[in-house]
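Below you'll find the structures, each written out as structure tokens.
Below are two complexes that have chain A in common, paired first with chain B and then with chain C.
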Partner chain A sequence: MSWQNKVLFVDLTANRCWSEPLNQRWAEKYVGTRGLGTRYLMDLIDPSVDPMSPENVLIFATGPLTGTSCSTSGRWTAICKSPLTNSIGSANSGGKFGAELKFAGYDLLIVKGRAKQPVYLFIDDDNVEIRPADMWGQSVWEADEAIRKEVADPNIKIAAIGQSGENGARIACIVNDLHRAAGRCGVGAVMGSKQLKAVAVRGSQGVGNVADPKRFMQLNTEIKAKVAADKGRQGMTRNGTHAMLSSMQAFGGLPTRNFREVQFEGADKIDHVAARTATDTGHVNLQTNKACFGCTIACGRIAKIDPEHFSVKDRPQYHTASGGLEYETAYAFGPVVGVDDIDALTFAAFVTNEYGLDPISFGVTLAAAMELHELGVLPAELTDGIELKFGSAEALCVMAEKTGKAEGFGVELGMGAKRLTEKYGHPELFMGSKGQEFAGYDARAMQGMGLGYATSNRGACHLKHDVFSQDMKDHTSNGKAEPCKRTQDIISAVDATGLCLFINGYQSFEDFAALMDAACGGWDADKLQLTGERIWNLEKLFNLKAGLTRADDSLPPRMLNDAVPTGSAKGSVCELDKLLDEYYELRGWNPDSTIKADTLARLGLTELA
Partner chain B sequence: MITLKGTGLLGDDLDDQGKIGRMAFEGSLAGLCEQLAIDPAFAGYLSQVNGEIVHETDRAKCLLKDGDTVTLISPVTAG
Partner chain C sequence: MKALVMQPDKCTSCLQCEMACTFEHEGVFNPARSRIKVFEFEHGALNVPYACTQCEEAWCLHACPTNAITINDATGAKVVNDDKCVGCKVCTIACPYGTINYRPETGKVAKCDLCDGNPACVEACPTGAITYQ
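Up next is the complex of A and B:
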């Protein structure tokens, strides 16, 4: 077993910390991260609770392979009830924080209650302290620096929120290691509601209880060699996910101007080639790549903004290198808001890290605001004097900062696109599902993606299923339900191990199972896939108890009624109802999306229903 | 002469192999991929000829002519 067998509890209301043995039965059944975390959440809260109340619980969860010598073993997940979707909230991140939490001896950190004044948590192996957060009101980057000075440790690993999370922005995230983020579902707002500014962790214990160390090391050597030789992996290291932009542009699935279009005329100004090409002044955006803990892919991008760019001129704090454009940030600050200025996109990426905002949700919310502006609903006098025009790099940069700092119209953007469009009388302009904004793939051009968005337990998400290859081969809805369901189960299991989804393309599911078997004992691919199915249904059970129904497995009318104007799927709409019927049948669910009794029994979930 | 371009994750790989650029070619899109030893998995599931999508199954009947621009679309993974 490579679990640490210990859970750290923190009750901020009672100002008390203690540890308990890990529930080993649950660990075997739900593995780790979103699986194990959701099981604890089900035990600790009523799913109908107000997500911003002290009764909600915030869990920082690792997996059994987190912190081990596997490639991509730096993953951890924040779990809570989401204030953005009112469903299960689950946000996965990389960096080094997760491995360090494991090294401190904990599989999970569970935070309950609400502090009387702002605090941060200092964890140094068994020494755990709730400390006053004098850095409340500061950005993630400022707080990170302040904590490092206070604890006199430049290498301590920190996960923090910015002003957006402090002020309850429902698209706020938790940023760790300065520019890795548990980005989705508004987990940063929940952390802020608890008056918890940061978690700083130092661990010295390693992960030393692998079941079969010799086989584990041998497997790692073999799998890493395979990953190293993979052409796709080599492309990912060189170009990062940013390279998806040119493929999606050519395919015709790149959401543009709030999903009205699927191809963007400025794509070649903001793609991965543009990022590494010198401008007329000699500036190059992309500086290098960066890996998370233990990763042999290193897809992270490190970029610099041209110091003469309007967004950073006379602001030297932004003249250094920091987290650059990946596909989702490039999409969310580029095509969906119509901006083709790569330095403006990079500035927005810096700022969303600095202030702790989910870039996807921010970009899509700004796109909705821009469409409202076009309709005359949001004139400049309502948006702090800024004309929110599609294509305005100034609007992007100014509103990213305002939303991050929770200032002016940024407070409204911080509520997310669903609440913004409802407030201004046009809910049909919200591009998302269950209250969470879409990622950078159009649900009409990619119907498997549409089904994945609609059925994702945490709200619209591109990372919980993998129907990309089927979608690119065939733009119809035919045959998409089965791979959507199957890959949801597989990815649930992959996530739960504590490894990164991105290595899923270069090592097989059998490799994951072999690593689990060597690390924990008693695992094979069938058991792991069944565990993934159990986790998916566990999250679904949480949502059913929270009051969600089939009506929440929905897509906006634009995806269902307005045909794709160009590209390989020209003329298509998403046939969601047909897909949902087929999907529910495959899942063993009823047509109303409740889970059949025999499905619950097969998965060992009857006691939770 | 035709012009060959590549997109996405694997576009660089084709470039590194000297398979991107202008070249003399007569025949079908399938024949082009075969002549250049472009693995269908690398070339993606779709190609474009002069901006129009050509699915993998239609490559054999897509005849290229002088001045055409062929774009090979890399497969997309989560990102």
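Up next is the complex of A and C:
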């Protein structure tokens, strides 16, 4: 077993911390991160609770392989009820924070209640303190520095929220290690609602209880060699996910100007080639690549903004390097808002990290605001004097900062696109599902993606299924439901182990099962896949109890009615209803999306229904 | 004599070296106890792996009052002999690089011993940032 067998509880209302043994039966059934965390959440809250109330619970969960020598072993997940979607909130991050929490001796950190004053949590193995957060009101980066000074430990690992999370922005995230984020579902807003500024953790206990160390190390050597030799992996190391931008542009699935179009005329100014090409002034955006804990891929980008760029001129604090453009940030600050200025995109990436904003949700919300501006609904008078025109790099930079700091019109953008478009009378302009904004793939050009967006338990998400190869082959809805369902199960299991889903392409599912077996004992691929299916249905159960129905497995009318205007999928719309019928059948769910009794029984979930 | 050679421009700060080091020496994955450390600068734009340089004129060795630090003739590594170390920490003061450290849990010091000529960190490094040559 590679669990630490210990859960740290913090009750901020009672100002009390204690630890309990891990529920081993749940660990066997739900493994870790989003699976195990959701099981604890189901036990601790009523799913119909107000997500911003003290009754909501915020869980920081690792997996059994987190903090081991497997490649990509740095993953952790924030779990709570989401204030963005009112469904299960589940946001996965890398960096070094998750492994450090494990090294401190904990599988999960469970935060309940609400502090009377702003606090941060200090964890040094068994020494756990709730401390006053004098750094409340500061950015993630400032708070990181302040805590580092206060605890006088350069190796402390910190997860924090910025002003957006403090002020309840529903697209606020939790940023750890300065530029990795548990980005989605507004988990930062829940942390802010608890008056919890940060969690600072130092662990010196390590992970040492691998079931079969010799076999585990042998497997690791073999699997890492295979990953190293993989051509796809080599491309990922060199270009990061950023390379997806030119692929989507060529394919015609690159959401542009709030999903009205699927190809962006400025794509080559902001793609991975542009990032490594020197400008006329000799500036190169991409500095190097960077790994999360344990990762032998290292897809992370480290970039610099041209110091002469308008966004950072005379602001030397932005002249040093930080987390740069990956595909989703490039999409969300580029095509979907029509901006082709790579320095502006990079500035938006820096400040969304600095102030703790989900870049996808922010970009798509700004895109909706820009379409509202075009319709005359949001004139400059209502948006702090800034013309929210598609393509305006100034609007992007100014609004990213305002939203991060929860200032002016930024407060409205911080509510997310669903609430913004409803407020201004055009709910049809919200591009997302269950209240969460779409990632950078068009649901008409890629119908498997459309089904994945609609059925994702945490709201629209591109990372909970993997139908890319089928979607790239043809634009129809045929044969998309089965791989969508199957890969949702597989990815649920992969996530739960504590490894990164990005290694899923370079090591097989059997490899994951073998690593789980060597580390924890008693695992094979069939059991792991069934566990993934159980986790998916557990999250679904949470949503059903929270009051969600088939109507929430939806896509905006633009995806269902407006044909793709250009590219290889020209003429397509997403045939969601047909896909949903097929998908529910495959899942063993009823047509109204409730779970059939025999499915619950097969997955051992009857007691929770 | 071969030495650990670090190339910071190749390091991604994945810490596989730190895990390999602690697994080799202590059977756990525990960067806090690693004898090789990666230091990050400027939000990770520069990552520098760092371990004992195995100084020819080894001050830790000379400072030790119990002769607990000896030279492995095959590798040149300065090696702490646990049965002789009394945990007085004089070596940690003598070392100019801070690469020999006291361990409260054992009451002794620990440092890089080049894994008897087959350094685990080198094998674990995915980018060739640490080599033994």
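The rule is simple: the second predicted complex is superposed on the first by the 609 of 609 C-alpha atoms of A that agree within 3 Å, B and C clash if a C-alpha of one lies under 4 Å from a C-alpha of the other, contacts with A are read in each partner's own complex, and residues count from 1 in each chain.
Operating definition for what follows: a residue touches a chain if its C-beta (ideal position, glycine included) is under 8 Å from a C-beta of that chain, and two chains touch if they have at least 3 such contacts.
Because the structure is a prediction, the values reported are computed rather than measured.
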Next on the checklist: Output check: A:96 vs chain B and chain C. Expected answer is one of first, second, both, neither. What do you get?
Outcome noted: second
Item to check | chain B versus chain C as contact partner of A:472, first or second or both or neither | outcome: first
Checklist entry - Which of the two partners, first being chain B and second being chain C, lies in contact with A:571: first, second, both, or neither? => result neither
Item to check | Touched partner set for A:288, first chain B, second chain C, both or neither | outcome: second
Next on the checklist: If we overlay the two complexes on their shared chain A, which of chain B and chain C does A:425 touch? Say first, second, both or neither.
Outcome noted: neither
Next on the checklist: Per the contact definition in the header, classify A:385: touching chain B only (first), chain C only (second), both, or neither.
Outcome noted: neither
Checklist outcome for this item: Given the complex, residues on chain C that touch chain A span 9, 12-16, 19-20, 22-23, 26-33, 42-45, 47, 124, 126-127
Checklist entry - For chain A, which residues count as touching chain C in their complex? => result 67-69, 71, 96, 99, 103, 155, 178-179, 202-208, 213, 217, 224, 228, 287-296, 298, 300, 302, 320-323
Checklist entry - Touching chain B in the complex: which residues of chain A? => result 231-232, 234-236, 238-241, 243-244, 246-252, 326-328, 462-463, 466, 468-469, 472-473, 501-502, 505, 567-568
Item to check | Touch list for chain B against partner chain A, complex | outcome: 7-13, 42, 44-46, 48, 53, 55-56, 71, 73-79
